[in-house]
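Here's the structure we're looking at; comments come further down.
Residue numbering begins at 1 within each chain, and the chains themselves are lettered A, B, C, D, E and F in the order written.
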Amino acid sequence: MRVLVANPNSTSAITEACVGLARLAASTGTDVAGWTNDAAPPVVDSVYADYLAGAALVRGLVALRATAGGPDAVVLAGFGNYGTAAVKEALDVPVVSMAEAAMALATLLCHRFAIITTHPRMVPYTEDLVRLAGFDARCAGVRAVTLPPVGGLAPVAEAVAAALAAEIARAETDLGVDLVILGGARLSPYAAPLRGQVRLPVLEPVACAVQIAEALIRLDLRQSKTGRFARPPALRV
Amino acid sequence: MRVLVANPNSTSAITEACVGLARLAASTGTDVAGWTNDAAPPVVDSVYADYLAGAALVRGLVALRATAGGPDAVVLAGFGNYGTAAVKEALDVPVVSMAEAAMALATLLCHRFAIITTHPRMVPYTEDLVRLAGFDARCAGVRAVTLPPVGGLAPVAEAVAAALAAEIARAETDLGVDLVILGGARLSPYAAPLRGQVRLPVLEPVACAVQIAEALIRLDLRQSKTGRFARPPALRV
Amino acid sequence: MRVLVANPNSTSAITEACVGLARLAASTGTDVAGWTNDAAPPVVDSVYADYLAGAALVRGLVALRATAGGPDAVVLAGFGNYGTAAVKEALDVPVVSMAEAAMALATLLCHRFAIITTHPRMVPYTEDLVRLAGFDARCAGVRAVTLPPVGGLAPVAEAVAAALAAEIARAETDLGVDLVILGGARLSPYAAPLRGQVRLPVLEPVACAVQIAEALIRLDLRQSKTGRFARPPALRV
Amino acid sequence: MRVLVANPNSTSAITEACVGLARLAASTGTDVAGWTNDAAPPVVDSVYADYLAGAALVRGLVALRATAGGPDAVVLAGFGNYGTAAVKEALDVPVVSMAEAAMALATLLCHRFAIITTHPRMVPYTEDLVRLAGFDARCAGVRAVTLPPVGGLAPVAEAVAAALAAEIARAETDLGVDLVILGGARLSPYAAPLRGQVRLPVLEPVACAVQIAEALIRLDLRQSKTGRFARPPALRV
Amino acid sequence: MRVLVANPNSTSAITEACVGLARLAASTGTDVAGWTNDAAPPVVDSVYADYLAGAALVRGLVALRATAGGPDAVVLAGFGNYGTAAVKEALDVPVVSMAEAAMALATLLCHRFAIITTHPRMVPYTEDLVRLAGFDARCAGVRAVTLPPVGGLAPVAEAVAAALAAEIARAETDLGVDLVILGGARLSPYAAPLRGQVRLPVLEPVACAVQIAEALIRLDLRQSKTGRFARPPALRV
Amino acid sequence: MRVLVANPNSTSAITEACVGLARLAASTGTDVAGWTNDAAPPVVDSVYADYLAGAALVRGLVALRATAGGPDAVVLAGFGNYGTAAVKEALDVPVVSMAEAAMALATLLCHRFAIITTHPRMVPYTEDLVRLAGFDARCAGVRAVTLPPVGGLAPVAEAVAAALAAEIARAETDLGVDLVILGGARLSPYAAPLRGQVRLPVLEPVACAVQIAEALIRLDLRQSKTGRFARPPALRV
């Protein structure tokens, strides 16, 4: 099985981190490749960046599709929208958004979950994502830490982990959740160290998405092509 | 007052039709200009096209912003998403989506409304739009006629009007609605002739949006810049 | 255009204040007249008062309808229910509730809004209003200051403004809203001074309603007469 | 126990019919008295009539309160709003709306219920009632027969019963309900004959309300006076 | 009238307490009998215990049904699920869950209610109960005190009452509720003493259920047998 | 990896069919074992049967837990509730309900799905399941075929497949869904032949659950033990 981990932004360090997490999560025999969305902004930190990234993402993946030896499934390795539905329309292989994969698995594991995102301004953006995907009955709230801008000084790992741990504790107390999802690719590397520090299970979405992608491949399933995700008229040849 | 009617697709005939409707709806003294999204697909008939159009739209309008004599408000003259929130983030003047304007006015005028869209495949797309904007409690359903592709033979006006009238009658009977919204810029020219043929009020969104844009200018209001629509980090200079 | 600003209570000072705000908000050429609901209680501070006011309101406006030179639209200048739907049924011209107008415009301008009402006991009343109008997906909560009773000592303007500013700040922090609506005609005069003091946009509903009323007149729209707002049997002659 | 059956409209024949049903439903020893809202319209067939009826109703019941030997509970014998909350505010004894009583009991008896109302124009009115009371999760829909106007020719009993039976059968098939509520005092007399004709249980709201009123008296319960139903300022002496 | 108060757990002291409360609440002439679910766990403190209790409950009540002189109605005297719907299917007499009865009555008496349950771990369990019964629009939240395990040291009455009073006060402040329901049979005995200590009305569910059971008997109503509560195939003879 | 496929009913032919489907769906190296709930009814065709099955299921699986060489995950191979949450509480390994697994995967693959269940009387049961799991925003409806009782004549395979195909077509037309889930273990064997006959993707829940179980094992995830699924007090040793 070949799984392509597509990073919707142009920061290759994030691609590499996600590919690393994906390989750890993948089954033996699964081939994980990375793809960076070079024509996108370095980070999706607004709806503005989401649209620029999404248009480049779907264009890039359509171009890739034409080349030989395409992947068996595509994982979208960002916790956002950036045209997920557009990619599902455009491709014939299963497309798995890491946000959707994490929320889908969370429904099996908890009463209610919270999402911790990367910046307070991403809270409404993430709330919309939850609502659009129809998980509002299970998501008790979206909270945020504050990561520094991409491209500036790297955040201090201990400080981020401590901020996440504090926010997770607050989510448990304030929202009554029994599971949290890390809602941003930049937060994914903190999942492993956090697990020793917090009571609640912490879902790392890249790993969730890789496993869901494998499951879909094994089950020979993909997005339905009879309705919302039918091939766009412009891509019918 | 200067209102810019921005067509999210690249079909200038649609821009012209919308500008015509906008001028009819505008108050005396309002200057209506049109803008065609030349870098976009000719029609937004999928989420794929939505993202390509949206990225080009926000890029184009940001570029325009830098030029002298910008508009006092921007009307987005397509019945869709195509980055409405991105444009609201990027611009400092009020941004009015014609879909949101029509739904907002409809809440004042009826018990429940239906939206008639341009093609069955746009039904889920439009349902998501309604849900994201939070109008699901008032929108009883989305229905569709089937317009031919842009660029092929022009649709026969009488046939489209008859199909719309039939669909509106069905929406009244099946869904119990007392108002309909024409959910696509290509449908807007049919609003006037339909009014003689159907019992229900028919909202034409371009006109709604122009009047809402004027209202916001007069009230000195625009999208809140303290939360979801704050200027994107990449556009802060 | 002639817009009648109908105050659902009998306190003429409130009518005057609302007419003043309406004239400031109206377009050049719009003629704003005021009407006081003399047969109503001095303030709508309960559902009890709402029903007494509403019955008098609809009776008074029906009587007025019969006189020559009626208005082109009616603005209901109270933040409540008091028979809004009854007036929409009874009249043939557009009827605009200032509460509905403010909420409709708010949907275009923010992620989520809060309403600040005039007294804690009006919170459930206002929550019902929001729910009935179907804005619960966008209204994150209703909060209250405590105005003194009408007819007693006038409230101290500075103290009211300070209480409003504090409540708005709390709404931003607790509820994550990015816009507030002043939910009571007695609060409307505080909108202008508040704008210098608070970060969030503050909607003043009288102004919103006047602009919406003008828009409906220009668009030749009014409440649908095919369903919920059909003329009541008792008023068919 | 003394239970007052208050008819919100001025048609004494309806009061008498409701009192008759109430006496059949009451426990031995319960004293049922009737009260006609003489200052109201003869029927509540619009929101307009609802407000006129409601204002007269609350005024009348407040006046009655002052007289000696008041009732231990008041049943509002109309399937509507007409100021139910206003009466709950104004009175200190339990106030039971027959609509709310029927819906509350229905939640215990079925998966989902339908309401059959007296005229198609009352469908949106009744939908609002259901939504305001928070029963939308259990009410699968509101349907209507068409009763002739009050004061004209009396409806033919067999024809009404047949129309109700047909509508109930359609509700079962179309909406999947397993219980129906007759949503109008004028329909209540048809409940008994219908029970032999239809598969589904048929709730008659007057009887439900009388039993709920008795239950509240025995339990020494009434509407909470600490929030929404606190005594209105104007009625505090 | 014979009402059977069925305790879903095996602790006879709880049965006795519930029967005592039921007799206080019953009308003169109502015969209240108690039944202890001897094959169940001593307390329903998890979904695990709920299922063990529920299976034993429905088996026990089906066996009872076959004996002469069955009850006219059954009250399920636990604040939970434990197969309420299974019992409604299996029996032909009205079955009243004390949780459903209390929530149904609460809808008539308040704007929004809170439920106080017996242990923090029962909060999600109770939230599911509320959601399944469709009362989420009226229930503002579920809170908990912490009772000691059944079978250990008896809780100190004053301490429990004080904890309940504190939690009720918090629910009023935090959730804006104007009524509370005691959500557990073990809490029911505290209702009476609490009424002198707290502002909000306190519903005691056993009493509510007994009165509702009587009402259904008098009205000749029971759960609908045409849909969800039809006799199970295995019990058709 | 060892996955235990637990059939909540006592019909071993269904266990065998499910184990067969599970083995087809499992990855190489996954060891699939079957378990029949011998103390349960032969089929879960009511809430009554659900509770009897569920109590036996959780008791049986708790007993099994104590034996050496327990499974790494448990798949509950029935499309229902039957104490899923109780089993999640009682066990420390991941517990995957096939209903929850199918709905979770469906959210990634479609706009809205329908569920086809085994008998009209299971429609309300299944609607409750959907609502409790919080998938109501994505599930457009539950429909049914009518399987004959277990233990009687075996259904004719062609007739069942034809009935399913017809119901799926109706669901597409009436509900606008773009995917269906077969909602009953007895329907699972029809998934493969149906795929050649219907336009819509058809989810077979046993296969979905096996793949989700494997995913959770690889990700070292299981139900959260900090809230709703904490070990029941009675099982703490």
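We take it that a contact is a pair of C-beta atoms (placed from the backbone, for glycine too) under 8 Å apart; a residue touches a chain by one contact, two chains touch by 3 or more.
If you're wondering where the values come from, they're calculated on a predicted model, not measured in any experiment.
Interface comparison, A-F versus A-B: the higher count of C-beta contacts falls to A-F.
Ranked by separation of Cα centres from subunit C, the top chain is F.
At the subunit E-subunit F interface, residue numbers used by both copies make up over half of all numbers present, so the two copies contact each other through mostly the same positions.
Simply put, subunit B must spin 120° to overlay its Cα atoms on subunit F, rounded in steps of 5.
Between the Cα centres of subunit A and subunit C there is a gap of 44 Å. A separation of 52 Å divides the Cα centre of subunit C from that of subunit F.
For the pair subunit D and subunit E, the distance between mean C-alpha positions equals 27 Å. For subunit F, residues touching at least two other chains, in rising order: 111, 124, 176, 178, 227-228.
Residues 25, 27, 94, 96-97, 100-101, 103-105, 107-111, 133-138, 172, 176-179, 199-201, 203, 207-208, 211-212, 214-216, 218-219, 221-224, 226-229 of subunit B are the ones touching subunit C in the complex. Every residue of subunit C that touches subunit D in the complex is listed here, in rising order: 41, 45-52, 54-56, 58-59, 83, 85-86, 89-90, 121, 124-125, 128, 131-132, 149, 227-228, 230, 232-235.
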